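After this come two complexes, each holding chain A, first together with chain B and then together with chain C.
And now, the complex of A and B:
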């Protein structure tokens, strides 16, 4: 593959990861106390968990199954979606049966998907609790985009001629750097695509463009430019 | 009386602050020398352990400085970027300078500082986080991450060139470097944060997390360099014991029991 395609592909992968992270319902510390909507952990942890599972499934397809590239990307997406779906499902089981709260969003009055009323179920003084349907669906979409982004990074680095292990290592680093940029843009908690914070997305895309572009440029320079010093 | 003496003590300990520039200088110079020394002879691999400790110290100080502002995303996200932003720089440097091996750490450091600078600038001006130290700290944290990865590679395999990097990644040890390195950098502030957080205490804990990494790196190095890895393990264990007991002693000294009068004295007997 020629260098320009790889640089562009890596930038697209970075942007996909950043967009994906914005879809994932992240609750942070407040959600761990059932005082905000989303899974009770940080953005980076949640996105990385999903992204790395996607990386494993994509890596398996890339090396051991003789299939076109789109299948590899899709299997990465499915791995991520499974991981995040299970995380959100188990989180919801704990919120509903363990903590004893009904999943409800404080950001919208009616759930955009089920049209159920939300505000009367939100405990006073909290930002909602649990993972309502709209957040769950949003999270699955986010995991799909993040999984495709992570798998694309891994495949492109392999095409660049780096060894599979080093490709996986850089893909993890690349994923983390982009997830952190998205986390800073979200600043704490986000519910999904219906959250007002979602409108900040363009800023994260621009910053991802810069950072991913730089990382892609030095990698392509190193792997294709050969030994300089 | 107890209260006033406590306040006086708290002020006295708050005054001693090590400048960030000094820590940055130590965090660059010591790891570079340690990495070179570790690759010189496998008997000196434990010198890489000193490099690990000081790179962790530098990174933890950067995390501490920026996380004090309360970013709202959690301390781990700041620490993880240290290795996330620098791993590409390390691999690129190992490729670029594979003829002049001694230049690898320097180029890796420069590339990592640049990518940290870009992350910092993006966070400060594009994502509009109003944190003045953001750019400096992101740069420092990424630089520390790059040196930390190379220190680990040098300690474990006794070399820091491309084959060394390939060795640790093909065996999967690099994943453990990634996680313990990030944890070593992010844990000190994550554990000590709070209203009475003090630089000295946090940095003592970072020395301890650095030393704990040396023990693990020493165990991993038994596979590559054999018996000299025992020196690394012993050095790490000694350093961990000294630094961690320093940290615990400081915590006991600074953890003040205030008698508020809410609990009746009978319960203490």
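And now, the complex of A and C:
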């Protein structure tokens, strides 16, 4: 694959990751005390957990003989979606049976997907709790994009001639860089695509464009210059 | 190519190892009070609540477990190359990781509590002595199991990633899961057990954690006892399901069908979550305070 295509591909991968992270509903520390809607952990941690699970699936698929690239990308997406889907589902089981709260969003009055009323189900003195359907679906979309982004990074680095181990290592770093960019933009918590913070997405895309382009250029130059990785 | 029956057995073994790893990881984070609920333990002395809860947010759980798993896998890899028995290599690797874990846990506890001197929070040496062994032991179990499932994936399923990297990745994943699922039980329920069941933490009550136990003063080991009934096993099931389902679909089906089956499982997860939400809304109903506000025209 020619270097320009690889650079462009890595930029697209970075942008996919950064968009994906914005879709993932994270409530940060407050959600761990059922004070905010979303999964009770940090943005980067959850997105990376999902993205890397996808990377394991994609890496496995890539090394079968004669597998189309689309299969590898989709495999990464499925791995990621499975991780996040199961985590969100069991997270909700804990909110519902362990804490005794119904999932509810504090950012919208009605769930855009199910049309269920939200505000009267929000525990008093909190910013919502649990993972209602809209957040769950948003998270799955985010995991899909993040998984494709991570898998695309891995495939392109392999195409650049790097070994699977080094490709995976750089793909993890690349994923983290973009996830951290998104986390700065999100600043703590986001419920998903229906959250007003989601409108901040364009500036994260611009940041990712610069960061991913820079990393991609260095990687391609290093590989072309004969650095053995 | 491995026959499907052997493969299924290995995938089941990976799932079982992941289940134990997830449960041990979550309970370790409860005993050590790591991750997000620790924000309340950290805050407690500032609002006048002195406690005997362990306090070690060394880092987020995913990087912490990636670190322990990588150390354990590296040591195990070196020993395996020196023709050690594999299980012994895993045990020694996990033991070395648990020593690092213990060092970080004790320095984190002393550093964090020492910084709260101005609020009158004492450093209890017996808390360190009592809590370090269970913290290290649970960490050992989690790391050992992660080594096991990484080894199966790398050796038997010939995954292209190196063994140490697989351990690193599964460490990140188990940390992310523990932080997202089981910790909610600790943070939302156990830390505020004196508040009515069925409510999130009212922001005005932040930091006012429960410090009395069923008998005497509450320690973090009491917290693990409570969370072992729900949060810990739930975390284990989450990690076990992820490892099992992700590997089962690639083993049993061909490449294309593995992807289709993955999408079907994800669709089922969305439906299951929706059913759960509907059940919760029907069973618990809206909050009376919110309805009263609504009727009052607020």
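Definition applied: the second predicted complex is superposed on the first by the 225 of 229 C-alpha atoms of A that agree within 3 Å, B and C clash if a C-alpha of one lies under 4 Å from a C-alpha of the other, contacts with A are read in each partner's own complex, and residues count from 1 in each chain.
Note that contacts are C-beta pairs under 8 Å (C-beta built on N, C-alpha and C of every residue); 3 or more make two chains touch, one makes a residue touch a chain.
Every value quoted in this text rests on a predicted model; they were computed, and no experiment measured them.
Peer 1: Touch test for A:215: chain B only (first), chain C only (second), both, or neither?
Peer 2: first
Peer 1: After the superposition on A, what does A:98 contact: first (chain B), second (chain C), both or neither?
Peer 2: Only chain C is touched by A:98; chain B is not.
Peer 1: Applying the touch criterion given at the start, work out whether A:187 contacts chain B, chain C, both or neither, answering first, second, both or neither.
Peer 2: A:187 contacts chain B only, not chain C.
Peer 1: For A:65, is the partner it touches chain B (first), chain C (second), both, or none of the two (neither)?
Peer 2: So A:65 meets neither chain B nor chain C here.
Peer 1: Is A:49 contacted by the first partner chain B, the second partner chain C, both or neither?
Peer 2: Second partner only.
Peer 1: Count the residues of chain A touched by chain B and by chain C, then name the partner with the higher count.
Peer 2: It is C that touches the greater number of chain A residues.
Peer 1: Would you sort A:83 into first (chain B), second (chain C), both or neither based on which partner it touches?
Peer 2: second
Peer 1: Regarding the shared-chain residue A:175, is it in contact with chain B (first), chain C (second), both, or neither?
Peer 2: The answer is first: A:175 touches chain B but not chain C.
Peer 1: Looking at A:207 after the superposition, I want to know if it touches chain B, chain C, both of them or none. Which is it: first, second, both, neither?
Peer 2: The answer is first: A:207 touches chain B but not chain C.
Peer 1: Which partner does A:8 contact after superposing on A: first (chain B), second (chain C), both, neither?
Peer 2: A:8 contacts neither chain B nor chain C.
Peer 1: Check chain A for residues that touch chain B in one structure and chain C in the other, and list them.
Peer 2: Residues 28-29, 42, 44-45, 48, 165, 168-169, 172, which sit in both footprints.
Peer 1: Write out the stretch or stretches of chain B touching chain A in their complex.
Peer 2: Interface residues on the chain B side: 71-74, 76-78, 80-81, 83-89, 91-100, 103, 107, 111, 114-115, 118-119, 121-123, 126-129, 165-166, 169-170, 172, 174-175, 178.
Peer 1: Using the touch definition from the top, list the residues of chain A that touch chain C in their complex.
Peer 2: 28-29, 31-35, 39-42, 44-46, 48-50, 52-53, 55-57, 59-64, 67, 71, 74-75, 78-79, 81-83, 85-103, 114, 116-117, 119-126, 129-133, 136-137, 140, 164-165, 168-169, 172
Peer 1: What residues on chain C touch chain A, complex-wise?
Peer 2: Going by the criterion above, the answer is residues 35-37, 39-40, 60-62, 153, 157, 159-162, 165-166, 169, 172-173, 175-177, 179-189, 191-192, 197-206, 230-231, 234-235, 237-238, 241-242, 245-246, 249-250, 255-256, 258-259, 262-263, 265-266, 269-270, 272-274, 276-277, 279-281, 284, 286-287, 289-291, 294.
Peer 1: Quick one: in the complex, what on chain A touches chain B?
Peer 2: Contact set of chain A toward chain B: 28-29, 42-45, 48, 162-163, 165-166, 168-170, 172-177, 179-181, 183-188, 203-204, 206-207, 210-211, 214-215, 218-219, 221-223, 225, 227-229.
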